[in-house]
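Working notes, beginning with the structure itself.
The letters A, B, C, D, E and F name the chains in turn, as written, and every chain counts its residues from 1.
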Amino acid sequence: MKFGVLILEGPYQHESSDSAYHFTKAALEKGHEVLRVFFYQDGVINSTKLMEPQADDRHIQRQWSELQEKYDLDYVVCVAAAKRRGINDDVIGPGFKIGGLGMLTEVAIEADRVVQFGA
Amino acid sequence: MLHLVNKSPYESACMDSVDKYAHKGSPILLFEDGVYAAIAGAAFESRIKKIMGDHEVYVLKEDLAARGIADRMVDGVKEVDYAGFVDLAEQNKTVSWS
Amino acid sequence: MGEEEKGEKLMIVFRKAPYGTIYSFEGLENVLIMGAYDQDISVLFIDDGIYAIKAGMETEAVGIKNFSPTFRAIEAYDIEKLYIDKDSLEKRGLSIDDLVIQPKVIDAEQVESLMEEQKNFFMF
Amino acid sequence: MLHLVNKSPYESACMDSVDKYAHKGSPILLFEDGVYAAIAGAAFESRIKKIMGDHEVYVLKEDLAARGIADRMVDGVKEVDYAGFVDLAEQNKTVSWS
Amino acid sequence: MGEEEKGEKLMIVFRKAPYGTIYSFEGLENVLIMGAYDQDISVLFIDDGIYAIKAGMETEAVGIKNFSPTFRAIEAYDIEKLYIDKDSLEKRGLSIDDLVIQPKVIDAEQVESLMEEQKNFFMF
Amino acid sequence: MKFGVLILEGPYQHESSDSAYHFTKAALEKGHEVLRVFFYQDGVINSTKLMEPQADDRHIQRQWSELQEKYDLDYVVCVAAAKRRGINDDVIGPGFKIGGLGMLTEVAIEADRVVQFGA
């Protein structure tokens, strides 16, 4: 099945990004396609490579980047939401790209299911 | 349609919305802080049991374990892990209440 | 033109109050973009989301942009399926005449049925 | 003690906590989405009136205006602007429920 | 040593559930820092905050650090005034023996009085 | 009176930072002292000069920076919370500084009132 994933909350403050990550990973491990992971609202902050969590904590951006590399996933960070929150091409980690909100509509059209995390 | 709930029923009105708008027979998945809705012996127990009369209620194992409440679930609630969450999302359209 | 020709059935649900959080504003931005894709879009207002279209907002003193007039632009984007939950309105002390747009008033059962018809949702 | 409430009573249980823990006579200031608690003719009206029996309830003018509900307030609620908010915080210790 | 000598009366209140949001974890970080300042600190658990000290958390599968054992360190920081609201516990199906620490169980009226005594609060 | 202000939510997503700004400004205009504004949890994101909101929207970091300059205020961004969320010395705007959580305890001791926004 073709999934889309939408994330609306930032890293660490809410569990949404962790939940979305585990869901996406589980879907891929079961052989499903994940057409796109779209980062909207505070969700855009998950993409910053400037985060430096404590050594015994997970590194949310790197987890996402590693998953992207392993499965060659499409990660889109909404440009309008990102600009408001100080996220731009210079700070996003590997595997993320900044793109228009239309790319969320596209995945809603193409994917069988869009699963939303946070709001 | 699968209804996803990630907030505690003691802090948020999400579950009231699901109860109001969810079609009879639609499954509900409690995850993140949503799992607190299914604790036996708690104030919400009678509400969740009533909801279970109309809906299958699932809870996410990983979130139960994290909160130390895996052995406190109301009878009849079904545990799924993330792989089971994916299966539910494959079988149903999903809508998120948070 | 039949609905089948209009592409996928997609729904944007507004259920959060405005200004306290940005959900409804960024949800509206999403609606406007979706309007350009010629799909079968429905917009639904439930719970505190009904407050997002209250008329008479004056936001100068809080320093936040008033986005409610932009809801009027939805129809210009050829999105005509606008719905609002009757009970949410009543419970919150508003009537349809208090709003900047007049979605079709439906009850909770109709909300359920409408949701069941959709392919994908966005909740803001 | 001044109790600050910034969430809608239809979405959040903040007001239940204030009602439970606030000392009789302590003022309450509704601001941000908290102002929706004081709309006349709404489901929460009877609750807020009951609360007003034990507490002075203030609403922040700027947030009322932003939401287009300045003319919808329950009788007896007191409007203050940010300068008035500062005065209340000067006169009382403050605690935030959100 | 009299309380007056211990400086200001400051209270940290935990009222949010763990892991769904970071409030309780970063609230705990704040408690540990405050412990170093030799003030008259009280820590109070109410509402969903009682879940922050539930025993038996196993967080490996969600990939988030289990912070509950750190609550046991509070006493080592010479913070001895720990309270929990009786009604919040009962309503949420827990008892004092279900917790990693055993704060003093008090009722809502005692919570009120305790709060009235403080100079400043932090709500997490 | 001596106030302290504590902010726990990020810019734009929640109104808390706006409310805290209006409160702080009103307190200063009435002649009160504001000993410190402390940015904790997602509140740390208010400090990033990388934010670029739309032209017709307020610029939350600049508003805070201008207020700081006008009244010579003390703004502390919690280092632990900041690191988790990708905020560091290179991205904070003028008038903000990164500091330890102990500086929150200090203001709770010294200020007559700490007013908290968000949680």
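FYI, contacts are C-beta pairs under 8 Å (C-beta built on N, C-alpha and C of every residue); 3 or more make two chains touch, one makes a residue touch a chain.
Keep in mind it's a predicted model, so treat the numbers as computed, not measured.
Student: What are the mutual neighbours of subunit A and subunit D in this structure?
Tutor: A chain counts here if it touches both subunit A and subunit D, which gives B, C, E, F.
Student: Can you tell me the least number of steps between subunit B and subunit D, where a step is a move to a chain it touches?
Tutor: 1
Student: Report back the single chain whose CA centre is most distant from the CA centre of subunit F.
Tutor: Relative to subunit F, the chain with the farthest C-alpha centre is B.
Student: Among the chains, which has its CA centre at the largest distance from subunit D's?
Tutor: Taking each chain's C-alpha mean as its centre, the farthest from subunit D is A.
Student: Report which of C-D and C-F is connected by more C-beta pairs in contact.
Tutor: More C-beta contacts join the chains of C-D.
Student: Using only Cα atoms, superpose subunit A on subunit F and state the rotation angle in degrees, rounded to the nearest 5.
Tutor: Fitting subunit A to subunit F on C-alpha positions yields an angle of 180 degrees.
Student: Rounded to a whole Å, what is the gap between the Cα centroids of subunit A and subunit B?
Tutor: 24
Student: Could you give the separation in Å between the centres of subunit A and subunit E, each centre being the mean of its C-alpha atoms?
Tutor: 33
Student: Quick one: subunit A and subunit F, Cα centre-to-centre, how many Å?
Tutor: 28
Student: Enumerate the residues of subunit F that touch no fewer than two other chains.
Tutor: 12-13, 15, 22, 41, 54, 57, 80, 113-114, 116, 119
Student: Which residue numbers or ranges of subunit C touch two or more of the other chains?
Tutor: 16, 19-22, 47, 62, 64, 119-121, 123
Student: Of all residues in subunit B, which are in touch with two or more distinct other chains?
Tutor: 6, 10-11, 13, 32-33, 62, 81, 93-96, 98
Student: Which two-chain combinations touch?
Tutor: A-B, A-C, A-E, A-F, B-C, B-D, B-E, C-D, C-F, D-E, D-F, E-F
Student: Please name which positions on subunit F make contact with subunit C in the complex.
Tutor: Contact set of subunit F toward subunit C: 12-15, 18, 21-22, 54, 56-58, 63.
Student: Taking the touch rule as given, give the residues of subunit E at its contact with subunit D in the complex, in rising order.
Tutor: 13, 15, 46-47, 87, 108, 111-113, 115-116, 118-121, 123
Student: Which stretch or stretches of subunit D touch subunit C in the complex?
Tutor: Those residues of subunit D that touch subunit C are 6-8, 10-11, 32-33, 36, 39-43, 45, 61-63, 65-69, 72, 81.
Student: Residues of subunit E touching subunit B in their complex?
Tutor: 16-21, 47-48, 51, 54-62, 64, 66, 68, 91-94
Student: Where on subunit C is subunit F touching in the complex?
Tutor: 19-22, 62-65
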